[in-house]
Amino acid sequence: MTPADDAALFEGLHRVATASLAGVMLKLGLSNQWVRGPMPIKPDFPRVVGRAFTLRFIPVREDVPGAFAKKLPVNRDAVENMPAGCIAIADSRGTLDAATFGDIVVARMAKRGVSGIVTDGAVRDRNGLLAIGLPIWTNGITAPPPGTRMLLAGWEEPIGCGGVAVFPGDIVVVDSDGVVVVPSALAAEVADKGLEQERLDAWQLDQVARGVALSKLAPLPKITESLP
Amino acid sequence: MTPADDAALFEGLHRVATASLAGVMLKLGLSNQWVRGPMPIKPDFPRVVGRAFTLRFIPVREDVPGAFAKKLPVNRDAVENMPAGCIAIADSRGTLDAATFGDIVVARMAKRGVSGIVTDGAVRDRNGLLAIGLPIWTNGITAPPPGTRMLLAGWEEPIGCGGVAVFPGDIVVVDSDGVVVVPSALAAEVADKGLEQERLDAWQLDQVARGVALSKLAPLPKITESLP
Amino acid sequence: MTPADDAALFEGLHRVATASLAGVMLKLGLSNQWVRGPMPIKPDFPRVVGRAFTLRFIPVREDVPGAFAKKLPVNRDAVENMPAGCIAIADSRGTLDAATFGDIVVARMAKRGVSGIVTDGAVRDRNGLLAIGLPIWTNGITAPPPGTRMLLAGWEEPIGCGGVAVFPGDIVVVDSDGVVVVPSALAAEVADKGLEQERLDAWQLDQVARGVALSKLAPLPKITESLP
Amino acid sequence: MTPADDAALFEGLHRVATASLAGVMLKLGLSNQWVRGPMPIKPDFPRVVGRAFTLRFIPVREDVPGAFAKKLPVNRDAVENMPAGCIAIADSRGTLDAATFGDIVVARMAKRGVSGIVTDGAVRDRNGLLAIGLPIWTNGITAPPPGTRMLLAGWEEPIGCGGVAVFPGDIVVVDSDGVVVVPSALAAEVADKGLEQERLDAWQLDQVARGVALSKLAPLPKITESLP
Amino acid sequence: MTPADDAALFEGLHRVATASLAGVMLKLGLSNQWVRGPMPIKPDFPRVVGRAFTLRFIPVREDVPGAFAKKLPVNRDAVENMPAGCIAIADSRGTLDAATFGDIVVARMAKRGVSGIVTDGAVRDRNGLLAIGLPIWTNGITAPPPGTRMLLAGWEEPIGCGGVAVFPGDIVVVDSDGVVVVPSALAAEVADKGLEQERLDAWQLDQVARGVALSKLAPLPKITESLP
Amino acid sequence: MTPADDAALFEGLHRVATASLAGVMLKLGLSNQWVRGPMPIKPDFPRVVGRAFTLRFIPVREDVPGAFAKKLPVNRDAVENMPAGCIAIADSRGTLDAATFGDIVVARMAKRGVSGIVTDGAVRDRNGLLAIGLPIWTNGITAPPPGTRMLLAGWEEPIGCGGVAVFPGDIVVVDSDGVVVVPSALAAEVADKGLEQERLDAWQLDQVARGVALSKLAPLPKITESLP
């Protein structure tokens, strides 16, 4: 896709809640696109949409760096490879007693134009991060630095994050209900159906406000459209 | 009990903190009445008291609806059976990657006069729910709709919620310390002892403020009154 | 150490974030000093530094008190032994369905000049605790009183709290990133290196604000200084 | 279905491993039919097939029995309702510190011709159960009786067991790989495809024994037949 | 109690299953006496009865030993204090990635006449332990030595083990259903009622073998004798 | 290293228990080399030593294969790349409700001369696997095939397995105490010190058998040799 395509696509997705996206993808047969765990570090971040820039961490080992220093990638190099507008999403294996990111790295990511950060681990320097203002979705807050428990093993690889497969270039949407991953190939269809769903939800809320019972609003939806 | 009885009873319970109710019930031999997990989705909901309207969910299965569509109850029918003033409390089996309730259903529950919602699962449409304003206690926030992971199996049955047995008609009290379940048959006694406990606590806090040591305040309480 | 020594030491530690302390201790070979779990009950407590006053809890047993009433210490006696300025830190075994502390005990602790409270369990009377204002770090909020699930087994013993060893007299530092434990014998060295780290971090943040890439800022740190 | 239909159906299913059944159902779009947790209490039980007789448990409450004694069903009545050949499968909510079943109840179930027992909780009287010999799949062994932690809430209702929906009359197959639930309406199709799968597996194992590489054996299967 | 008292008491307890003891204690109001987790490392250990010798572990810290070497007790000293016939029971905080005990320490414990070992952590040298033959109940098997993750903090203190309070001198009974703790002051009563329960169970099993339905065997037991 | 080097090295390691290797590596400063979780599927496999051949899995997604079929590696290709004598070790993210490996793939691995298999997930076809006889260490047994929950994302990459970093070419040693990972660069030193440790252990066991107290046997070891 060209950046212009992305702009149009993202403009649509910005108007669709993650809740609606999850519902739309479920109807398309995708039942596992919501990242379990990460929540925003403050409640009022706006919805953010971006292409996934993936990072992958493994447990630390005390002889690394050292013997392996030259075999492994370096966090700061990963940051310098992130394109403006991406959402950095890290497979941190649920590690909560060491940070995936701290304020200095996040400040640099903000400077490079990264749109948002997702980790199924934790972040540190809470106050510093809030001051920077870059939207962050995380499983927790912690004090220890990354090297306490984890090593960067690679970037722009397929990863798992919060129980969900993420491929480089997938579209990540984050809002107050958390993080959903939209497969790139299905994004245009998901955006269209998501906008339609938003219209339906608005109409239903209006009907409910007028006192209409739910049973008058819509037929019971099927779980997937492809099953009998 | 008649609605008038409930009004008097609830008026008393409104003035008793869940912390005091848990303490009073422990002295009566009830050690497992606090629902593990659910917390309010915003910090300043008032204390709410109501009769339990129970819902029970089971894991989803891809052939349902379809073969079983006619065998299972329907969520929207459950909502239409909720009496004004009840607290809807759901056995969601701790499912966090799908919502027990979303904004449209909650809007209808608010319209019907439901007083509060408790789930040991999650809810979605966080911002929409906050706008509706109905007090909600939940284990988490999520994006996916209920059908992603769970099916309604019945309502007004005995359930477990957060490790606690809940029978239809039990009295549920929710505040900033969470959710307690008061057995209906013991409610008047619990309310009376709870008010007494509140008076004792206020006196103790006042004594502490005057600099009195705790050892001067009260004898060590027994765990249950019925044990030697 | 004398109180004067503590005053100088604490004055330094007050200016060092727990994130920096964790990083500095890691370089000294201490990889497990961040207490897993406890977070502040409100976001804007100031950083607090104090000597650890430890408490140790075990599971409750229905015949206690009674047969064992005379064999066990009493919570309120523990409180009367806490020196002004200490941080009370409790080994609560992760118990979330009963409170380690409630508002009356905390009010007395505040009156005695305790500087802060840490538990890897839960606290109750959330609103009362917020009104008292004593800084509290906890794994959760709950309604049931301590005796529902736990007994005090002793105080000023070596304990585990959130997976970390704590010895009476260790220095506990708490801020918005959680709780770190600084071994007393290493505290002066940790404080000095922590201040140095804070200066380095400030310089790095300034460099990043000027657009410098991370790779220009510093060499890759080793995990421990003592390994090859 | 008539008992004669069941006999023919079960005869087929007896020759299909749970591993093959899980694979076949996945191809039909059913991804959640393996009951997480329960394993056989001894390694060499034969494969067992039977219709599900469901039981549902909720957490215990100290005022039950007593106020609620007349509102709840009784375990021993459930047993007397189990038909010969059924597999009793219990929604025990993962409770491991109290038994779902003990030796006396199991002895009676054996006497009534029950074919097997599944619980996502625990059983007690391990030696007694082994002496009885009725095949049992369970999450654990425990000593405390059921009433320590749980109450029977009903039988022959839709339940969840180990994260799987089970409806009365579903077909349960248990072997050394655990427990799978086959929806009744799909059982004949699943049995046919399962037998086909067994033949394919036997042929593949034979080919591998002859030294054929896996890439020569079969095309990569799709996850579900209904997705593009 | 004198050793002669113990001999008589233990002789009775040896004939009572942990399942019966748990049931008897529940009727006395003790609902939490079964140690969650530990199971025998081989299936056919005989039932063992002994007085509890408690050990307490806390998380490791890299500066210990060293600064704290003189402040902490030493494992091997604990072993030399164990009386013949005791059951060593360790509060290991559920630590599975380091052993509470290994073969050399266990060999010495066997030499000193210790009757059995319980840990809610793990043991190592599985084959060596099986060769020694001392009965061991544990949550797991592991390779790393104790010092990897834990330090001995004391012995013969009140502890928690697997969620249960254990006081020095409590009576521990272990068999194929796990570990129960009998409070010393109640042991004679529990033993008597346990033998009675065993007789009742034997009679019930005999009745069931003759085809009697459970509903003919006994009235529904109350949860505790002291509740209404 | 040459195969001849490996032969000599492995001959030494075969005589060292994983418990001793973990102890030796701890003294070298490596505290996290035991893989949490995997245990042998039968108790009497011999000790196995081999170079790690790593596999990495991520969560499944219903649109894969399909859109991504050409972007991902294929399990059977991984198998054909495994050298004789290796130990295949899989980062399965703790997934227990789908198999990492089943009997057909394992039969092919046995045919190719793979020495052992480790997964922090599960395997299926338990009886088939036991018949093949290839030593397997796993977190569990399951029925569903891999594609139910996971996708192969790559092989011979750095991975995490059971909380431990594993690099291609690391030496994996498995026995009845589980799985340890020996960094390749340290393997010769670890083997030498391991053999020394085995001699010390044998001497200590002999001393204990003669009635010598532990305190007479050795000084208290330091946790790491490099700390003060």
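A, B, C, D, E and F label the chains in the order they appear, each numbered from 1.
One rule holds in what follows: a residue touches a chain if its C-beta (ideal position, glycine included) is under 8 Å from a C-beta of that chain, and two chains touch if they have at least 3 such contacts.
Because the structure is a prediction, the values reported are computed rather than measured.
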Shortest contact path, subunit B to subunit F, counted in steps:
2
Note, CA centroid farthest from subunit A's centroid sits on chain E
Have a look at where subunit A meets subunit B and say same if over half of the interface residue numbers show up on both copies, different if under half do.
different
With chain centres defined as mean CA positions, report which chain is farthest from subunit B.
F
Rounded to a whole Å, what is the gap between the Cα centroids of subunit A and subunit E?
47
Based only on mean CA positions, could you tell me how far subunit A sits from subunit D in angstrom?
37
What whole-Å value do you get for the distance between subunit A and subunit C if each is reduced to the mean of its CA atoms?
32
What positions in subunit B touch 2 or more of the other chains?
29, 31, 33, 60, 62-64, 163, 224, 227
Contact footprint of subunit F on subunit D as seen in their complex
17-19, 21-23, 26, 31, 33-34, 36, 39, 163, 176-178, 180, 201, 204-205, 208-209, 211, 213-215, 217, 220-224, 227-228
Complex contact set, residues of subunit F against subunit A
29-33, 58-64, 67-68, 71-72, 93, 151, 153-154, 157-160, 163-165, 167, 183, 185-186
As the complex stands, subunit E meets subunit F at residues 60, 62-66, 69, 74-77, 79-80, 96-97, 99, 102-105, 107-108, 111, 124-128, 141-145, 147-148
